[in-house]
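Both of the next two complexes hold chain A, though its partner changes from chain B to chain C.
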Partner chain A sequence: MLSVKNLHVTIDGKEILSGLDFDIKAGQVHAIMGPNGSGKSTLVQALAGREGYVVTDGSVRYLKHDLLKMTPEQRSREGLFLAFQYPVEIPGVSIAFFLRTALNAIRKQQGLPELDAIDFLGLVRARMRQLDMDESFLSRAVNEGFSGGEKKRNEILQMLILEPKLIILDEPDSGLDIDALRFVADSINKMRNPQRAIVLVTHYQRLLDYVVPDVVHVLSQGRIVKSGDAELARQLEKNGYGWIEAEVAARQVA
Partner chain B sequence: MSAQVESWRNMNLHHVPYTLAGYDTPWVLDARISAFERFFQHGFPARRDEEWKYTDVTSIGRRTTLAPDIIPAEPSSDAKLLAWTLAGEGMHLMVFVNGHYDAMLSTVGNLPHGVRLESLAKLLDNGNRFPEKFFDQHYEHTVFSSLNNAFATGGAVVVVPANVVLEAPVYLLFIASGHGEAIYPRNIIIAGENSQATIIEHYMGTLDIHNFTNAITQLDLATGARVEHCKLMQEGPAATHIGGIHAEQAAASELTTHSFALGCHLGRNDITVKLQGRACHSTLNGLYMLNERQHMDHHTQIDHFAENCVSREYYRGVLDGASHGVFNGKVIVHAGAYGTDAHQANHNLLLSRLAEVDTKPQLEIFADDVKCTHGATVGQLGEDQLFYLRSRGIDADLARSVMIYGFANDIISRVGEASLRTHIEHMLLDRLPQGELVKGLL
Partner chain C sequence: MSTAARQLEELIGREYRHGFYTTVETDRVPRGLSAETIRMISDKKNEPEFMLEWRLKAYHHWLTMTEPHWANVHYPLIDYQDIYYYSAPKSEKSGPRSLAEIDPELLRTYEKLGIPLKEQEILAGVAVDAVFDSVSVATTFKEKLAELGIIFCPFSEAVSQHPDLVKQYLGTVVPYTDNFFASLNAAVFSDGTFCYIPPGVRCPMELSTYFRINAKNTGQFERTLIIADEDAYVSYLEGCTAPMRDENQLHAAVVELIALKGARIKYATVQNWYPGDKEGKGGIYNFVTKRGDCRGDRSHISWTQVETGSAITWKYPSVILRGDDSRGEFYSVALTNHFQQADTGTKMIHIGRNTKSTVLSKGISAGHGQNSYRGLIKVLPSAENARNYTQCDSLLLGNQCGAHTFPYIEVKNPTAKVEHEASTSRIGEDQLFYCSQRAIAPEDAVSMIVSGFCKAVFQELPMEFAVEAQKLLGVSLEGGTG
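Entry: the complex of A and B
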């Protein structure tokens, strides 16, 4: 579904990703782990098309598309969804309005008729029940004054409604207590299906106790330096990132 | 000073009061003549005058004439269309064309017992003494108030007696049409004890008209009265509008006055509120949305004379093109006004590098035990917000419109009257790229 080859990305002229390779197929869940500063968020932002993240080399294929040629909105309409680590506040714009605008933009791309207010409300209510969310949420301004947990819930709600093909979650577990973490994990597990690919970007292993990935990648200094199964994540939890970096250094010397 | 700047002094304006409503009512003529003298003595303000530092009104003095139409204009088909379509169902509609009441276009409808909704011109012509005190010099806030006292052609007089709730809003529609050069509307709104009313003033003009409108509205709230007042400025791009809204509040009364400024080439509103009784609430909201070379200035002044009053000001501006916005918020807490709680906020969104805002809070506090806060910001659309919206499939133009809408909605959502709120939302969205799409989604 997504194929990243030799990706180089600079920010303000400084290279952050230096030849990153990574492939994910439909039906899989991959975790990308790495210490702070390894390039995790740069990868996420570059895949979503954020301005200022300059791709200097490499390619990214997404389905049949050259992802790097697409605007952020085109990527979204083709089914790529980024769950933000820090969802942004949009004052004065209600969740209901925001969701409906986003959903209709995506439906239009898919050649589906736009949903009217009634059908839309029916859909949203059903999804909110699934998430055990109160309906009053809909009239609140997007993320404004939300707690950390509410912001994550809002990202999950969008994910459920927009039904993306490729989901990238940027540190979905950051700042959550154990109940909220389990809720996020359950929601991700429910999204798993043979047509969908999920990328979890995380610093810690704890989320991976609940969402068991098919593949774990370790990112260091802008490259994937090691890949393995879920066991790799547990090793990282136990031994930290130091041993991997030492291994990489040893390889470079050799 | 060049002769050209002062060219209005060469117009034969002294005779104008003799040609207007109430010319054979002695108090009216006297009031007009003395007001004109005050205007003539002072002349138009110059930019060296601190209160007019950012707003240049010398173009008004160079106009062909400052005299209002004496004879009511025949309303154009555009004007008729506006009168028939703008007011909401059941509203008490009074229409004024170039400052003259047009009974044919108006639909006052059924009023609760004792409520008066009348044409000021008629009261002046009939020699009624009732409006006299409102023409007193004491109410003149700027020299434009003096000019309005001298040249007011008409307007609405609204009287809601004690304990009466006027359910449907009063809708005052002012249309600048045809050859209307100088237009002087004057409204007087009196809310009795514990009465309630909603008053909408809507100023419309056609695209080509270069009118100068000088509009004054006076509001008088008795003890416990509750009034929501809304002024919409939607005049043509060549128009000049200098307005004044002047309110006095008795104890425990509540006033909300909104100012929505979208039209005009040059606009200014002076809004003053005198809190004379204890425990009043006063809220001043405003939104100016400007483009091209539009200039809009809001000068507000809230005088806290009595104890335990609450005042709130929420003003926002959205400025594109080479437009210029001015906000000056003066709050004076007079000696003895303890327990005052005053808050003021002015936030501005600049959409263009050429747009400009001057914002100035002015707090003067002469009492103890008061709470006064203010905040002002000038910023641009946030890149993080734009990316967040785009990452949800919303294209960049629409995302910008959504963000501007969200910013402005902070003010629009404060309008209590639902149909009016929708109308203003649409006014705003009509000016934004893909606004139609946003409308459909609201």
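Entry: the complex of A and C
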């Protein structure tokens, strides 16, 4: 599904990712973990195509596409979805209108007819029932005055409606209480299927108690330095990141 | 420059869509202004003596005045002797009595502008009075309205058919001595729209005027007078366009609204005059005086404006809250792009008891646009329990534009409550990225964000106009060719 080779990314001339390699297949869930400043956010933003994240070397294949040649909206239309850690407010624009515009842009790309307001509402209502969300949510302005938990719910709702092929979640567990965390984890589990790949980027292991990943990667100083199964995450929880960084340093000396 | 900033630049660098002009033979009075010009205009319109006298009084008063320069706008001096004060399509000299008599070239112009002039299109439910340069070329739906006693006709027709009403109300809200541009208008105004709603009648359709400046070097000086008699209701729409021309054209209109006891007038404008080109060359100078008088108790006047055109906008639709329990509202979206300048706002004059006013202003600046809100809230000693709420928000696109706010508050009664809130924000790169990550193209994202910003004002527009205004804002900001 996604194949990242030797990716180098700089921000304001400073190299943040230094030769990152990473592969994920359809049907898998991968977790990318790492300490603050290891390059997690940079990876996420660069994959989504954010301006200012300059790729100086390497390649990224996504399905049949050269991802790095695509604009952010093309990536989205081809099924790449990023759940933001800090989604922005768009005052005066209702979630219903925003989401219908997004969905129709994707449907257009797929050669499907646009959904009118009524069909769209039918679809959204069904999804919201699954999420146990109140319908009044739809008429609120996008993220305006939302609590941290509401912002995450809004990202999750969009993820369910847009049915992406590749989902990248940037710190989906940050700032959530245990109930909200369960809600996010349950929603992610519902999205798991053989046609879809999910990348969880997280600092802490606690989300991984609820969403068990197939592969765990550790990111340090702009590279993936260790990969393993869910057990690796538990080790990190117990021992911190220090031992891995020590291991990497030892390797570099040798 | 960053990509996002460049994209924004491209989006706001669009072309004007209504910039064509129509070749029709015109009948003009010679260039320049004198008592003689005014006599000729009055004569061409077969006006009764009282109108000519009024015009001449206005002209002599105007001669004693100087052009005001307190607004936050800058432009070269206007040569008032270099303007044609009257220009009419020649075939209209005797005045059309049905659509069939109208020059097909004119009808095609209105068709291009999307105005529902043809009878079959009128099913849309909008009665239109269209003013082309200086004369009114067609008024639709007149018979149907007449059954209810509603008068909706070109101003010149009102002068000859309903002189008593004109005499009774003309200049009672905006006197010919009011200000430089209003006096000029009073002297030379060539046509406009007159509307009278009798007591207790609720006008069953939106009334509409469409103004277009076509001829070169022509000023447009139209005058609109709307009277809602006791407990009457009317909703009125005004739209404007002009061809693209390199030189500036002057538009100095006057609108007077009068609401008697219990009456309600809603007045909406979507103004899309030619704003000038990307370098700031050409465009309309829009120096307009609009004022409503809540003359009776419980009367209610609201102004809603969407200002996207004009090189310079100078207008302050105001309400005099004379009757007890009367209400005044002003809802405004003003967009300045390229080198456009807008100095706009309102005046709410509280005289009666328990009078309420609401002001909601949304200014959008892009390119090198300069956008100023200027508002006066005045509460006189007689206005017990007056209330005002003002909110002014500015949105900046790019970093070469400006937003300014000049609120003036004068309160002479201690029971009054006056609130003012203001904010300034910028379309963020993070907002655009968020939208594009949700598959939304940048130009759609910008118009979505701008529409969201303006939502509270659009809600005040009649449905079909709200859709139109939303599109217009989109076009005003996009690179689309239309």
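As a working rule, the second predicted complex is superposed on the first by the 254 of 254 C-alpha atoms of A that agree within 3 Å, B and C clash if a C-alpha of one lies under 4 Å from a C-alpha of the other, contacts with A are read in each partner's own complex, and residues count from 1 in each chain.
Methods note: a residue touches a chain if its C-beta (ideal position, glycine included) is under 8 Å from a C-beta of that chain, and two chains touch if they have at least 3 such contacts.
As the structure is a computational prediction, the values presented were derived from the model and not from experiment.
J.: So if we stack both complexes on chain A, do chain B and chain C clash, or do they fit?
T.: clash
J.: Answer with first, second, both or neither: which of chain B and chain C does A:P91 touch in the superposed model?
T.: A:P91: touches chain B and chain C.
J.: Under the stated touch criterion, which partner chain does A:L82 make contact with: chain B (first), chain C (second), both, or neither?
T.: both
J.: For A:K165 in the superposed arrangement: first (chain B), second (chain C), both or neither?
T.: After superposition on chain A, A:K165 lies in contact with neither partner.
J.: After the superposition on A, what does A:H203 contact: first (chain B), second (chain C), both or neither?
T.: Neither chain B nor chain C is touched by A:H203.
J.: According to the stated criteria, A:R192 is in contact with first (chain B), second (chain C), both, or neither; which is it?
T.: In the superposed model, A:R192 contacts neither chain B nor chain C.
J.: In the superposed arrangement, which partner chain does A:R100 touch: chain B (first), chain C (second), both, or neither?
T.: The first partner, chain B, only.
J.: Any idea which of 6-14, 78-86 or 96-104 of chain C is the one running into chain B?
T.: Superposition on chain A puts chain B right on top of 78-86.
J.: Using the superposition described at the top, list the residues of chain A that contact chain B and also contact chain C.
T.: After superposing on chain A, chain A residues 48-51, 71-73, 75-77, 82, 84, 87-88, 90-93, 97-98, 101-102, 105-106, 109, 141, 158, 162 contact both chain B and chain C.
J.: For the complex, which residues does chain C have touching chain A?
T.: It comes out as residues 2-4, 428-431, 433-442, 444, 448-449, 451-456.
J.: Under the touch definition given earlier, write down the residues of chain B that touch chain A in their complex.
T.: 382-385, 387-396, 398-399, 402-403, 405-410, 413, 438, 441-442
J.: In their complex, what parts of chain A are in touch with chain C?
T.: Touching chain C: residues 48-52, 71-73, 75-77, 81-82, 84, 87-88, 90-93, 97-99, 101-102, 105-106, 109, 141, 158, 162 of chain A.
J.: What residues of chain A sit close enough to touch chain B in their complex?
T.: So the residues of chain A in touch with chain B come to 48-51, 71-73, 75-77, 82, 84, 87-93, 97-98, 100-102, 104-106, 109, 141, 158, 162.
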